[in-house]
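Should a chain be cited, it is by its letter among A, B and C, assigned in written order, with residues numbered from 1 in that chain.
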């Protein structure tokens, strides 16, 4: 029995070793990109298109350090354990110089922990978890996208400006939801100490019982509602909430709800008048963001999502870091990322030395219906640098290294 | 007290129905005692109480003078009572000898051993038992491929593994061809004679009963109605009434063999 | 009071879709004894096809026609699945079919993505049913009212079909005694096909009917799976009234849970399930399981023997090759092999229970993930050294298995399997929600081995030694008196009990032992990855192990290990391709059909037919 087992294991290993390696190793600078291409296809697809667009542009302009940039895309099935295995393969077998990718926070955290231990540079492009750069931060992990804390703080700022005092929250019952509610509370109470939280609803992720949640929220008679649900949960929540009149006469704040990924599937039932963070690509006509939108639409027969611009900025950040490092050695890249300034599609951003978080911001605006589709109006780009805790707080959060 | 098994007023009621009613008997050492009766007479219920599968509503069961009423099947087995089943119960994934070895392992209290190879343990003893039932040459066959008669003999070897003083056999020859039935009961009688085991068995086949039982008890509607030698039972009018006049299934079916 | 009524109405409306999907599953199980993992996929297909029909057909008539057509379409798909995938394997060991249904899940996932694209689809509104009715002043969506009126009629129609028609008589007869139906001259194959199609159609209807309350998305197949299993088990497998009752119970309780215990949303369902099964082991309206329990129908397994001399030599040679991998192989080869051997140990520990004990555990991830979490928690909260944490992983997992096994072993067969699943889900939801301690889904990170073990090669040797060691121990125990007693309890509990073997105790110890070995695998896993997340406790992880054990061959000693190595290796290759789930699903279905006794079992059969391998009869 064991014989067969071992032979099988060996056969699998041999097959791997025998797989053709992509191109000649020295020709390009390889970046390992790990994502949930199948599990979260609607998100990973536009993100990958953003990366490919940027890579084409970078290479057309002569590449980085005189070599073309190449991304190796790998699917981790949304499993942290798989992602760690693939990370090792990308770095040791495929010749990648650094790692990037992931949308799901848990996968991002797994790669981050691994990268910190093995000494590989990892740019977490999309995962939002605050702990990625704070409680679980390490010297080798950098994060591009504005985190849960930052986006929640932007909404709290907007909420503090209204008369609303009684707040209710609804968030999926897992780490992201909890972080998002905690950050909103913290920032709101700082800006508006008299605010009170009259209901906290925690539907199970993707298993929302929308009718019951809406009834429970209605019962608490809040002035304003802070929503963190997304995806299918959001669709059900909006539908039941609209039917039962939950949103009438109330301010609603929706984290990420304005991102095309979440707003577009709602079609003509997109909520109106919510204050949300998102990506109003339709209004971006000039500046670097406008250039990106134009280039994206010219390259693809499609419009950009938030993931697209994050993917695009991922490549911009990596290219900038490599140029600054002047080499593809890990330590050089790591040092280059610290305090790195990037002229990105969303304007100038900096990877902060204090916690490796970039200052990429977010667009905050109100939702409205236009031509049977949800859009953001009266939006404003908020620079992420203004929505981070003080340096002392950050130092306290980050483990000493 | 010389009786190996004794019951006093054994009774079992299910709701309002009395399945076994005040049954008292004794079984002496090296005696081959048959318990017969028409279907539904209470034989199985009686057996299940003796083996501990059912708790009696009233009455007592004594094994060599000591009460075993209400003990679990496992405890009763440990006290030296073996049994065979009406429908064979064997370990179909094992060889013949392993089936016997399993019982020996249990007998020697070695079930929770993790380190030794089971198939090497008590092999000689198991072979001897198989030899006794004439199965030694088939010891290493997969028991799932055995003929039914051979399975029955194997089961007998299993039941004898812990050298019981008492063997309870529930319809030992059910489902067998007539010639095999005789052979199995001859074997049983021989074991009783050689090893001094006491046997209580139930049986439908009157040929088997009359040919081998030392003594016969007749159960009807839960009560013992007769007891005695083969000749006495044959001549008992009450028994004839039950079997022939009562119109039970048994009479019509089984007399065909006679 | 008004609020209370509104709550109950909401709960009843939620019960509708749940009931339709669950009763299809229950019906299929009751008649065919297939535990249909793919039921969630049929539900998803119902939602997607319903959506497409609604785009084409206009108006209220079109809307309701679309729902019926969706049911019909999914019924046809179910019929195809039954005829092409399940029919060839009815003679395989019981529960083997669930592997095939798992293959169907993968295929449907990729096909749905190919056809309908990745974006969530918002379900169209029911024409004329937008808005609310005011009931005692409380707003209740009109569609909810329609649903809660509709469901009893569907339930009644089903009841009529089953209680009052000839088909129903046959279905009921088959639920109770399958051979009987064959004896009555009814074509059993067609009866099974029909029931499977009906069950699938109900799932499709459920999927289409919930569209106006939500929509269609690619994760809904697994999202619905756990709730419908819970409903079917609480109601009693095979019982339609039971499913109705349970759907209402769960939905209404959930609505009140949302209001009064908002944090309870994940745990509540499983707590209810565990409580119900402890009081009524066969569900609210289920009957005691009799036929085919323990998954041991079909041909009995052949006797086992310790490896012979030549085989041992080959094993040693194989081990030597593995030991040399760091010399000639890449770093990644070591990482991959580490993953594979750990998974093999996990699979082997489940196989020990399933193969030798006939104890089908649907929740073995609880001990694997549990072991990983215990080690990680020790390091994180107690600051214990890696060595101590690593030792505690199997101990803790073993103890947890003993406790859970003690409760579950009161049941047998599918009910046992379901209760193990319920406990595993309970543990998963606790870990997922108790963020303060477990980190929730952000997991526990930075759990690395002690310095002397911290390196790819040394850890590879460590994992290899412990995994192979564990597998050898498991295999050795199979040959020990205890392993024999475990098989004895499986083959004939009656005989075992009658010869003084305490079968329940034997099975309990086996459960604890298997849990402990699962814990070793979990401990190895967490230190090889440096982090652990609730994924390692999910249903999917339990299914992974189950699938490879069945595919490897339940009735062979090597099944778990061979299946684990084979599929972990294949998976690593396939995930490099775009539509790997489709290929993997088809591969699983292919293996199921050509090798119904599993890879090892079928190879051995072929070998003995060719005379390479001697059978017991020739010795």
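The working rule: contacts are C-beta pairs under 8 Å (C-beta built on N, C-alpha and C of every residue); 3 or more make two chains touch, one makes a residue touch a chain.
Just so we're clear, the structure is a prediction, and the values are computed from it rather than from any experiment.
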Any chain that touches chain C and chain B: none
Chain ID, smallest distance between chain and overall C-alpha centroids: C
Chain centre separation (chain B, chain C; CA means) in Å: 43
Inter-chain centre distance, chain A versus chain C - centres from mean C-alpha coordinates, in Å: 32
Centroid distance [mean C-alpha coordinates] between chain B and chain A, Å: 74
Chain C-facing residues of chain A, complex: 1-13, 15-17, 38, 41-42, 45, 74-75, 77-82, 84-85, 88-89, 92-93, 105-106, 109-110, 112-114, 116-117, 129, 131, 136, 138, 173-176, 178, 199-204, 206-207, 209-213, 215-216, 219, 231-232, 235-236, 239-240, 243-245, 264-267, 269
Residues of chain C that touch chain A when the two form their complex: 3, 6-7, 10-11, 13-14, 109-110, 113, 118-123, 130-132, 138-141, 144, 213-215, 217-220, 223, 227, 251, 254-255, 258-259, 262-263, 265-266, 307, 311, 314-315, 317-319, 321-322, 325, 329-333, 335-337, 339-341, 344, 432-433, 435, 439-443, 445-448, 454, 456, 468, 471-472, 475, 525, 529-531, 533-536, 556-558, 561-562, 564-566, 568-570, 572-573, 575-576, 580-581, 600, 603
Chain B to chain C touching residues, read off their complex: 51, 73-74, 77-78, 83, 85, 89-95, 98, 101-103, 105-107, 110-119, 121, 140-142, 144-145, 158, 161-162
Residue ranges of chain C in contact with chain B within the complex: 299-306, 476-477, 479-485, 487-488, 490-492, 494-502, 506, 509, 555, 616-617, 619
